[in-house]
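Shared between the two complexes below is chain A, which pairs with chain B and chain C, respectively.
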Partner chain A sequence: MKDFIIPQDDRDMGTPARTGAPVTLTIDGFEITVPEGTSVMRAAAEAGIKVPKLCATDSLEAFGSCRLCVVEIEGRRGTPASCTTPVAPGMVVHTQSSKVKKIRKGVMELYISDHPLDCLTCAANGDCELQDMAGMVGLRDVRYEPGRNHFEQRFAVGPNPEYIPKDTSNPYFTYDPAKCIVCSRCVRACEEVQGTFALTIEGRGFESRVKAGAAADDFLSSDCVSCGACVQACPTGTLQEKSVIELGTPERSVITTCAYCGVGCSFKAELNGDELVRMVPYKHGKANRGHSCVKGRFAYGYATHQDRILNPMIRETIHEPWREVSWDEALGFAAARLSGLQEKYGRRSIGVITSSRCTNEETYLVQKLARAVFRNNNTDTCARVCHSPTGYGLGQTFGTSAGTQDFDSVEHTDVVIVIGANPTDGHPVFASRLKKRLRQGAKLIVIDPRRIDLVKSAHIAASHHLQLRPGTNVAVVTALAHAIVTEGLFDEAFIRERCDWDEFLTYAEFVRDPRNSPEATELLTGVPAAELRAAARLFARGGNGAIYYGLGVTEHSQGSTTVMGIANLAMLTGNIGRKGVGVNPLRGQNNVQGSCDMGSFPHELPGYRHVKNPEVRAIFENIWGVEIDAEPGLRIPNMLDAAVDGTFKGLYCQGEDILQSDPDTKHVAAGLAAMECVIVHDLFLNETANYAHVFLPGSTFLEKDGTFTNAERRINRVRKVMAPRNGYADWEITQMLANAMGAGWTYTHPSQIMDEIAATTPSFAGVTYDLLEEKGSVQWPCNEKSPEGTPLMHVDGFVRGRGRFIVTEYVATDERSGPRFPLLLTTGRILSQYNVGAQTRRTANVVWHDQDVLEIHPHDAENRGVKDGDWVRIASRSGETTLRAQVTDRVAPGVVYTTFHHPDTQANVVTTDFSDWATNCPEYKVTAVQVGLSNGPTGWQQDYAVLAEQSRRILPAAE
Partner chain B sequence: MSPEKMVHMANQIATFFKTQPGEDAAEKVAAHIRDFWEPRMREQLLAHVAAGGAGLDAVVVASTRKL
Partner chain C sequence: MPRPNGEPSADRISAVIADHLHLEGPLLPMLHAMQEEFGHVPQAAVDPIAAALNIGKAEVHGVISFYHDFREAPAGRHVVKICRAEACQSVGGDTLAEATLAKLGLDWHGTTRNGAVTIEPVYCLGLCACAPAAMVDGKVVGRVDEAKMATILKEAGA
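After this line comes the complex of A and B, so read on.
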């Protein structure tokens, strides 16, 4: 099957689309009807007429500075700019009168007189709107004498004072002021699209220049977050990707999906041959609407990094060096070992870990391998350690394990609660869309132990920041409900119509209890009662209320309870089932939603159906031709426990690095070391591979076909843009392993796997690759009832029937600070790095974050004699590690914070084995610790460094 | 799994269901454990109860009769 790319209208329409009543006008004799508020420029573009333009582009509001787009309108004086003139009924527009042609030539002449004429060697050659416009207006000569300009480095008399050298500080793009036409598209992109406000135009008239940050700043030291929106908006070669400078302008493009976070941005991968030149966010991508962050746009260099392993490898024991072997030998070795283990230790002695970074099709195959070939349910996914409580909590309350909205919904929100999430770092494109809405006047409530960027940054501020103590989410959420119920702010009509009224009454009685009041819980949570009450009133009364949450909610002993509390809040205030409201889990990795949907969890088959149900098993038994085990399998922490106990012996781990990402590293290491066959299927020799016997080299998202499902349930296509460097796409490798164990699978394209998913899973029943080609993407459920997918869930009723209120009693975690461990550690991530960092650490993104640091409040630092930049030791009951301190009041006294992107820090040596009561999702967000000065790495870090080096040895390939 | 860890996990489940309305906390704990605990974990729990059930919440102990 050949992949083809949907022909989409990619033209720049000049100004953004509008919605409004239809207006009909005539342009150059053609009648055209457009929504009210549309610009004349856009109306002309809709009619197929391109008006010359420089300062306008359809991702930005019109600005009207270049005057190249002038037109004549009958009955109006002068020559209005078409980009800033809205259409009117009956308007008659002429875009090519001799008058406007003369004006345009004059404008272009001025621009070109102050522009270097090195077009042939310019990196933007062929991709420059200034060139295009000079051609379009027919500029043939420039009458101005050479004089004052911005581009010549020297005059005969000496250096040119206006000349500013190129700024190459950003690792991914350059700023060459000599080529700038001061159209301010970059400044506006940074404000309107990204919301960072890093750029300004300094000076006036001839003196005006684009500037990043303050006087002494360059791009790198400014507030710039390297999203690239300005580079994309720049019509000239002033802001230019370094990859284009190096490799030339790309000549073909393929639409695909970012492989980093759960926003799931669509991109155009632009190439020459099979060489990737740049990634440009795709403007018809429904999750990102043409925007992206630094990771998706720029951090793809890991795909060709020298550390990438391209050949299969095996070894008898983990103390030996690796041996490169053929695929046949590696797969035969793996299959024989796995079968041998099952013979010796029983059917349930082996299992798999699927990946939230791999495609739906790959995940489906890996869980199928466990269920149909291993004949057990020992399959789990890294979603265990992030969003499993979302599955449980939303399943219990609403009846479906997914977010309720699409990302566009945020444009209709009036009050947003962000709880336990840090979108500007974790989900940057969503954060940009949220910030845009906040600048339009929506209100924000942040519930987080840390003062995250959203609390206050350029042109936005949270109305309330409830800075709770880690581990007290349930108390805060229940106190919000207390205020809403006791102050009579709940939406009775909604509850009576949509929810179980008796359950509501029981719940209301529970939250009403004075022990749940903000005043009673203040001491515990650290949140001032008055502030909390004000937040509750704002949320209940402020119009459309939406809740967005992340791992700061789920990764607690009461993670599932908090998710249910959040669902309660949404039902209580009637904020479900329309645009602008809802409960929205922000997923960590790109395909967390998909990996859960695909039956990665050990207790449920694809589509969230428990394995205990014979009718569900029958569906798969019919297609797979085997009997499926009716008992739930082991979850990741249980696998490791069973391994230490000696009953779990073999693991196939695809695309995950459990040693670095899972809590209580020493326990994970002990579990892995106790296994007799660990198969790691990954791009790199990750930390888990230190304990592996078989290494199967994986393919990147650029090298395979498939689908990812993002946080809004949107199924997006991943398209192969180049051949896999390791020889096979990951789904083929899983199939080869299965077949080496006798499975007899015969898939020849991932679309066939999707067909099997559709045939077995009701919410995917209507999904086919053909539909995805046609629509670009669809949101599940996609079936007979909603053939084009479902942007909003629970519109007329909850999936489970009536919404269920669940009592959410606060229970303190057993992880408490005390005299030995007086501080609470919480963990998170940062914009430029991604999770375990295996990909981003192998890109230039390290310039922003080359090590993990420990954020500590000035009081706590002073008490311990710790200064900014000191090496500190952080210890918990599980273990200890060292890293550098950053003294900051972003964290409250008593709380410290770090990221887990670097293996040599190993923050997870410190985290403990406590977990969510319902799902075993680890309690990453609360660990009692002590911090003190240190003079270097701990014994564990040193030993580990030696082990890691030892176990990464590779013997030269045999002749 | 270490007995302490297992006891801790089981008690956490009981702690939640004890806060829920109704008299059937033990039923619910049993149902949860049946749905989410792999057989060898349930066996370990049953063996622990048979050996006296040290540290286990009474509701967990009651629930094991329904496993």
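After this line comes the complex of A and C, so read on.
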């Protein structure tokens, strides 16, 4: 942690906090009481006394190598290092005796004797702990003669053999061995915090140097995942952000929330004026606890990318080029078109799609636009295509549509099931916290068709990997329950106390049925029965059991059923309502939870209350002053179907690229093309904008105030760090559109929108910006009952009363492999790219993933004559596309895998229109396909590339 | 002294790993066995060792580079180590070392062009009473002067 421009509470305490019985000691005459196990260094820091240090920082365990933090303790011999010495009752410590001061000066003199004295031109100038410590110990003179060193490129006699040039291979930071003091903080951060083990100290003695990977590696070719933990930990300019090298040290910082995945990490945006210099993970962020990943830490460059559109644009038809116009003209054009469509085709002929990337306040306004201005319920959100089954499944079983825990809970868990999720790629900061717990001895069960990194990577390995066939989640989850019930491993006391016993009996009878046994389902699922039973026993009897799941659960025709099955497993084993347990959906986008909470779904008003319910409508009707339609509106797939049928004509789509992210691209394209007014509100001319008539430029998360709600229900503040480059924050633009249609809204700050949310939505009743300012963040429900929020749900009883067991009958999807399409395609994402890639493709993250590739098992590849790197065609009954093959045994024979980050691949051309029976969440994770060699892009890809180019033409602005 | 034993193929590397996987703390025994088998620890062994022990490849590299005796490339047919510790230095060890290197035209860790001899420094062989000391293919030799060294080198074929 570099200490500068940061508030007092952000200072580095030297070593991690401990919990334990209080111990009182005296440091420099001050009495201080700290928990047992605390280091003398931290105790001194608690007392406001800073002991000089270099190798210690409070994100890492003490190491005791720099010898700068030595102190004297009365009654003890020598000068122990304060970082590695635990406190003891009655201890009397002197941090500034003449003896230790002399030692420190000597140590510092040695460090400086092998350090370039180029402070004035060093990127870390003013932000360097070595510099600070030299000052603190009063170093005035270095008496050593020039000699062997690591920093001089050449001596008079020739090149310096010890000199190693800077490694600039990582796009975001540099490693300069000449400045390294070998404190090992980076190596320890990579191991303890991130859990990647990509760094080491090579050599010994004077030859010791930090090294990424093996002998021939640089940072880019090593195992490094560019999370930035090492850069964060480095006390000098050795590991330094390239942005700081280029722009200089930042002079102010604003705490805000990352806009990538559902972990919701807190960051300090560090700036000079309105120029963002770097994003640094915030130590007191309760989701990330000071950690970050490559996306949040470094991939923010899209905010200033040249592709960003900053002026509103309109066009009569989608075949014309865009025309840049004033905001008034664009909004007037849009409002007139929408109103005209309603007059001609009826009130329900238009609708909105809210964004899981925008703030709660913005989402609330967009659904309000549909309900109060369009006067219909045609509002849906991208959560439709990811976590809608979570909302439904957990709502049915527990009574709330959200995860039960906070992320801190993972520190108390003993057995983890990860099902249909790939945390190291999708939710990297959570994955690091999970891996830390696994290294402490917790056990892991992975249920996934693919061998994800969690199955086996440095220092962690799953106890069981149930490598199921895509589409058989329900069968596997039910078989786990079968083993638990028939072997008597369930928690009867918990079930009797907390759940409906009769429903349990019905459920138990169902799962007991031999057709649900692991042996009976083995043929179907491909999971060996013995392995599955062992996993069931481990989960039921292994202590605190927690289940984490992702889109591999929800994006199936039985997505909701699997969510219920997971809830059943948790109740069956009594793993609900305390730390270390629970059911935890890992949300894909930053504000999926929030967009669902805010009433984005066509049948629910904010707070998951059905629109048919007159009392709920009355609450909003009172405040909004309009009558709300009692009829649920259209879901996204229904909107598109209705558009093709000619009854749905206009769409306002904020911050989502449905053409690329929704399944069956051709159908989406046909639906969009059939509409008469498509308004796209986004940062970039995304793929959906190819079919749009109005483009409203959006603002980034750096340019507005608001809140995001992460996967643990945590409402985090998003703070404006710079003025919107497009002129307005997104909530202002929605308000202007509403007002152009006669709404008369008068919000002047998002806090007013939050006040309205709090006034109408019981689970948000206590939320105000003042509270968020004071607490940093709160987890809903936050109301009279729990004024400071709710980290753990269902502690004393389920929200719905008694937990409900629901029978989970396995019904195979209609999407099956057969002679024409013998392989099953499943899709996912990768660490460096995010969702449709609109943001990350416009950053240097492309060095890690510049195209989507198709993972195929060597067996299937050989059958088809496919070699690693070949162009292959992948075809389903919906469509076909081409991409390059990667031959790997990560996938099982019969299964292929790809990502959907690049529009020129368009993986969703291949996916089908099957969807979850309850929520219409598309079945992205199972598509029957055939793969064959190819020599280039398909007809669709070529046609689409032409269309995309045509529809991105922009005429110069009229004078 | 370990002898180069042919090219390190993936199969042979796996076989060495498999032989030592059952041990407690198997990394060092594995590295020793690699050196025994191939005369050095091949770069190609780093990834398979890391995978087998479920550790990072950087960690394997850290261990290999920590020990001077693990070689990156095979040594000559004979290895002569000259002691450079204080006791030997005090009775002419340094001069002996310099003379030997000059005679062969080598730097430390260098191998003669005919591949016969590699010269390496060593820091104390525990033979201070008979300094200057050296070690030839694992056998210690005491009271080494230039003449004795010439004989050693001649026998080794340098």
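One rule holds in what follows: the second predicted complex is superposed on the first by the 951 of 959 C-alpha atoms of A that agree within 3 Å, B and C clash if a C-alpha of one lies under 4 Å from a C-alpha of the other, contacts with A are read in each partner's own complex, and residues count from 1 in each chain.
Operating definition for what follows: contacts are C-beta pairs under 8 Å (C-beta built on N, C-alpha and C of every residue); 3 or more make two chains touch, one makes a residue touch a chain.
Not measured: the values here are computed from a predicted model.
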A:Phe197 contacts which: chain B (first), chain C (second), both, neither? second
By the touch definition at the top of the document, which applies to A:Ala844: first (chain B), second (chain C), both, or neither? neither
Of the two partner chains, chain B (first) and chain C (second), which one does A:Gly213 touch, if any: first, second, both, or neither? second
Examine A:Cys119 and indicate which partner it touches, taking first as chain B and second as chain C; both and neither are also allowed. neither
Looking at the overlay, does A:His610 come into contact with chain B only (first), chain C only (second), both, or neither? first
After superposition on the shared chain, which partner residues are touched by A:Ala458: those of chain B (first), chain C (second), both, or neither? second
Comparison of chain B and chain C by chain A residues contacted: B
Touching chain B in one complex and chain C in the other: list those residues of chain A. none
Under the definition above, what is the set of chain A residues touching chain B in their complex? 348, 377-378, 506, 557, 561, 602-603, 610, 612, 631-635, 638, 641-642, 644-645, 647, 806-807, 809, 811, 814, 913-915, 917-920
Of chain A, residues touching chain C in the complex: 196-204, 211-217, 222-223, 456-461
Residues on chain C engaged by chain A in the complex (per definition of touch): 43, 46-47, 50, 54-62, 65-66, 68, 72
Flag every residue of chain B that touches chain A in the complex, lowest number first. 1-2, 5, 8-9, 12-13, 15-16, 19-21, 32, 34-41
